[in-house]
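Chain IDs A, B, C, D, E and F follow the sequence of writing; residue 1 opens each chain.
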Amino acid sequence: MRLLIINSNTSTAVTDIVAGAARRFASPGTELVFATSSFGARVIASRTENAVAQHSTVDLAARYSKDCDGVQIAVSYDSGLRAARELLDPPVLAMTEASLLAALMLGSRVGLIIWGQGATALYHEIIDSYGLGSRICGSRRLDLPMPIDAISRAKMDDAIIAAAHDLMDQHEAEAIVLVGAVLAGRSHDLQERIPIPLLDGIRCGLPMLEAMVRIGALPPARGSYARPRGRDSKGLSSALGGLIGGDD
Amino acid sequence: MRLLIINSNTSTAVTDIVAGAARRFASPGTELVFATSSFGARVIASRTENAVAQHSTVDLAARYSKDCDGVQIAVSYDSGLRAARELLDPPVLAMTEASLLAALMLGSRVGLIIWGQGATALYHEIIDSYGLGSRICGSRRLDLPMPIDAISRAKMDDAIIAAAHDLMDQHEAEAIVLVGAVLAGRSHDLQERIPIPLLDGIRCGLPMLEAMVRIGALPPARGSYARPRGRDSKGLSSALGGLIGGDD
Amino acid sequence: MRLLIINSNTSTAVTDIVAGAARRFASPGTELVFATSSFGARVIASRTENAVAQHSTVDLAARYSKDCDGVQIAVSYDSGLRAARELLDPPVLAMTEASLLAALMLGSRVGLIIWGQGATALYHEIIDSYGLGSRICGSRRLDLPMPIDAISRAKMDDAIIAAAHDLMDQHEAEAIVLVGAVLAGRSHDLQERIPIPLLDGIRCGLPMLEAMVRIGALPPARGSYARPRGRDSKGLSSALGGLIGGDD
Amino acid sequence: MRLLIINSNTSTAVTDIVAGAARRFASPGTELVFATSSFGARVIASRTENAVAQHSTVDLAARYSKDCDGVQIAVSYDSGLRAARELLDPPVLAMTEASLLAALMLGSRVGLIIWGQGATALYHEIIDSYGLGSRICGSRRLDLPMPIDAISRAKMDDAIIAAAHDLMDQHEAEAIVLVGAVLAGRSHDLQERIPIPLLDGIRCGLPMLEAMVRIGALPPARGSYARPRGRDSKGLSSALGGLIGGDD
Amino acid sequence: MRLLIINSNTSTAVTDIVAGAARRFASPGTELVFATSSFGARVIASRTENAVAQHSTVDLAARYSKDCDGVQIAVSYDSGLRAARELLDPPVLAMTEASLLAALMLGSRVGLIIWGQGATALYHEIIDSYGLGSRICGSRRLDLPMPIDAISRAKMDDAIIAAAHDLMDQHEAEAIVLVGAVLAGRSHDLQERIPIPLLDGIRCGLPMLEAMVRIGALPPARGSYARPRGRDSKGLSSALGGLIGGDD
Amino acid sequence: MRLLIINSNTSTAVTDIVAGAARRFASPGTELVFATSSFGARVIASRTENAVAQHSTVDLAARYSKDCDGVQIAVSYDSGLRAARELLDPPVLAMTEASLLAALMLGSRVGLIIWGQGATALYHEIIDSYGLGSRICGSRRLDLPMPIDAISRAKMDDAIIAAAHDLMDQHEAEAIVLVGAVLAGRSHDLQERIPIPLLDGIRCGLPMLEAMVRIGALPPARGSYARPRGRDSKGLSSALGGLIGGDD
């Protein structure tokens, strides 16, 4: 099985974090391919950068998904998720959606712990757009810089533990999702310190993507997710323009 | 990996259908254990029988889940799902929930095709209770007897295809879920005849359960899904009474 | 008028509390019959015990409802309510639903005060499943042991008063429901100490059940609440198995 | 027990219909007092007339509720219901709300059959404002004149039966509410012809109002339903102006 | 362009405040006509007074809207808004609805700051009835008397600023609406002191009403907003009775 | 007043249609500036093209909004609306949102008539994301090619009239919105043929945008709509990269 992991940020450092986590949680025989955006924000943290990233995601999807059996969008805003699902034949998952769906199978009330410079409001909009907002009991944002050494990482870990207890005490959270590509894989390392399930988008995304590949649903030929064909466009990469411009 | 498949019906014929499908969609190395209810309806098709099946599910869960890494409830009402999640340490999935969550990753608007003597109203209540009702665009019920030979099976298949087109034409369905344990695995066989993704609870449930086992979230020690302990009860099977009566 | 009060707990002490309250709030000429579960939890306080109680409720309903004009389920999780409605011809009410419906006629924003070892999350799920969640403004849980004497009862009363004021101050509650069979009838005694309507499930349930008996709607012969007939089952009490197995 | 029945229409013919039904469904010992609006529409059938009726309802409530134990608003738009609840100490119910709450205890999916010149849209707004919209599965409007003789009444009855079957067949209705003061009491007469519970606002309203009187909740001294006091106004009836202008 | 501003309060002092604000925010060439209620509350602050105001609004609308191109209801409960829309041909807006719709175009999460003796619960009911409740992130009520001099006005201003910061800090408000006719125009004066958009019902209502006049939609001849005709009523002002009683 | 009209399509023919309509509905003194996307779809009709258009909108916004008092996004998917609101200081409106908000002020139940090759599902997702879905009663899609002459335009007009009547008859629509940039301005020309208000995105958008400019709310300095600053990016136009990269 060959999976494409799309980083719609232009930061290869984020790709490295995601790649490290993805390799831990993918099955042994799974081959992983990574693609980093060639334009847009180093680290997406605003609505404007997210708008650009929508373009970036479909561009990367068109350019790198060939011969891949599944695609994971590894940005926490799930930028361009629905568009990439429309564009490609294999299943496409994204970090935040995948971790939420896993959380729904573990608890009724899901709390979010968010790292990032952007506002939590945007995450709630995204989750509401999935029709899943009624299952979210609350969220906490970590006001900390990107950790760069053991000390700042320990501080981040402590902040996550504190936020998790706050979500349990104040909002009766029964499962918690770490939101933010930088936190990829951290849920596994911190699980022992928290008395309810703790999840993140890569730890959930890779196994769930492999499951979707195995389920093997056919891509739709009708409806709003059918791949566009014969579309007239300009200024797009040849991969993207060609994929939607062709007739089959 | 060892998975328990719970059939809360007392019909072993249903267990056989489910087992046949489960073995097709489980990974090669996965060991499957099947348990059939010792009391209650032969085939659950009413609220009353579903109430009994809630008991049956936790009873089977307590009696047969030892040494299992995950549990699949293979009745389409997902009877006792939340209770079994509370009761057991490994992840517990159920047919209808699993197929819906998979469908959410394939289309925005999900249609249901239901076989069974019970009313469709109950399925909508179940899905609403998961907070997923806003993603369901419509449902169709198959008014056909249980298929017993090639002719009646072909008739059932044709009815499914017709209902699927109806859901696409009338409700803009973008993915369709076959609901009912008797339809386990049929979505795979019929996928080619329908232009949008077609899913069912065993085809989705097994791969997703394996994914949840690999994700490996810890069972909760707090909240409404923490396993009950030290509970005083009577008249339960020793397995169930013992599991909730013990102190650790 | 003859009413059956079902206690799906196996504790006869809870039956006694409920019976005391029920006799206070029933009309003078109403005859009350009480039934206590023969299996399951002494006091239901978990999802697992609630699953068993679903079975217990329909079992008691089948065994004791003969010649009754109405049925009240006197457990605060309303365990098996919809199933018993399907199973029986006379109207079936439950504590929490009845007190909520009464509260809706007294204020726009309803607060909950909950006693019990179980989590409040489950009550919110139950109320959401009735489609009434938008009217609930908040809830408070009483972290106190079952009162056993005047001193502990006074302490419980004070905790209820404090929680009620908290719900008024923090959530603008306009009516408050005491949730938990142990609190049956307490709302009447404490009403004078709280400036907004205070209700409980037995004080509301009995008069509303009598009202439903008088309204006298016919039991449904169609839809998801029509009584199941001709069902094949095993291991059920003869009363329950016979009721759903018969042909008329 | 003494109950005030408010007809916010100025048509005494409607009062007569309502009074006839109310006397059938009230308990033997209950005394009924009827009040008809002195201003506004003969038969309320528009938003404008409903706006005037809001005033009329609180005016009648202030003038005629003295010594009454409960109040029933007998117009199908439930005009002024929340205001009258605020204004008066005894419980106040209204036709459409009462019949809906009764229907919720009989089925999960409730259908509406509406008679009246106004649009059905307004009824859906009213029900949504109660937070009950999710339980309504559909509605049908009767396009017939007010019945004046046996022939037109039989035609109306047949139209009701046809609409009920349509709601069962198309929307899986499990209980049906007849909406419109003119239909008061008809549900009882037609119940035998329809295989699911059929209700109306007077048949449900009287027993439920008596139940609320017996529950005996105290009127609120806080929150948005506390009676206004010391209010400065002009041009109101002395009863209404005095009731909100006084200091206790 | 000639606009009618309806004050459904009987206080001409409120009319003066509203008129002052309206003249600031209307376009230079717009002519403004003001009407004050002849009956009802001096200042509406309860459900009862709001019920009377519904009548008052349609009465003023019928009496003073002749030759007007648009109508603004200048009471913060938007009393009688839908009825006036039905009754009149030109567009009708109301304070709270207009400010909310403007706020929706400026932020995703809207906070409310409310002045008035009435409870905030009623405002939430009104906003929910518009289907806009999901966009409201929270509300704060100002517990201050009507300002009468520079000192009390400064105190009110400081309270508004504090409440706004509270809504930003606690609820992530992205735009804030001042609710209450007494606050008409204050949002403009205080905008500089708050880092997110601050709005009020007159500042938004006048420009939006002028926009609706320019859009120039035809009044509906069908549906629940079509003007009632040929209606039989009594005790209404000749203007109102005549408007709904006529045949065209 | 100077307004920027953004066409995120690359088709200048669409810009011409929009420009023609915009000039009809803008105030006499308003100056209009038009910008057409330099990359992406000729006519956006899929999720993929919409993803690219998100980038295009913020790019055009950054490049052309200098000295403009307001911005109108003239694509019917409202592509990039929230991002442009974050990015720019003046108010930003979009076609579909503006026409919906206007429709909310004219009727309770709003119907949609959609022209375009894309699926209607996407429009419902967009409207749900605004929190306005509960006000939409139904939609109809026009299956017709882009009109190129008087005959095909008349055919389109007839199809619109038929769809409008269908929405009134089947869904009780009280106001109707024409969706699709190609229909810009058509609602005005067809209004006389339809008995309820008919609107479109340019006819509503221009007057509402002018109103928002006059309301003059300050751009937010906090929350999820505060303009990003000091952001590190690459591959963006110098206008866009500079606008989010600068420090004030």
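Following the convention adopted for this analysis, a residue touches a chain if its C-beta (ideal position, glycine included) is under 8 Å from a C-beta of that chain, and two chains touch if they have at least 3 such contacts.
Quantities reported herein were computed from a predicted structural model and do not represent experimental measurements.
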{"item": "Remotest chain, subunit C as reference, centres from CA atoms", "value": "F"}
{"item": "Interface numbering overlap (same over half, different under half) for subunit B and subunit C", "value": "same"}
{"item": "Furthest chain, CA centroid comparison against subunit B", "value": "E"}
{"item": "Chain centre separation (subunit C, subunit E; CA means) in Å", "value": "44"}
{"item": "Mean-CA-position distance for subunit E and subunit B (Å)", "value": "52"}
{"item": "Shared-contact residues (touching 2 or more other chains) in subunit A", "value": "82, 85, 108-109, 119, 121, 125, 128, 134, 172, 174, 223-225"}
{"item": "Listing of all chain pairs that touch each other, if any do", "value": "A-B, A-C, A-E, A-F, B-C, B-D, B-F, C-D, C-E, D-E, D-F, E-F"}
{"item": "Interfacial residue positions of subunit F with respect to subunit D in the complex", "value": "108-109, 134, 172, 174"}
{"item": "Residue ranges of subunit A in contact with subunit F within the complex", "value": "10, 38-43, 45-52, 54-58, 80, 82-87, 118-119, 121-122, 125, 128-129, 223-225, 228, 231-236, 240, 244"}
{"item": "List of subunit E residues in touch with subunit C within their complex", "value": "119-121, 125, 128"}
{"item": "List of subunit B residues in touch with subunit A within their complex", "value": "25, 27, 82, 85, 91, 93, 97-98, 101-102, 104-109, 130-132, 134-135, 168, 172-175, 188, 191-192, 194-199, 203-204, 207-208, 210-212, 214-225"}
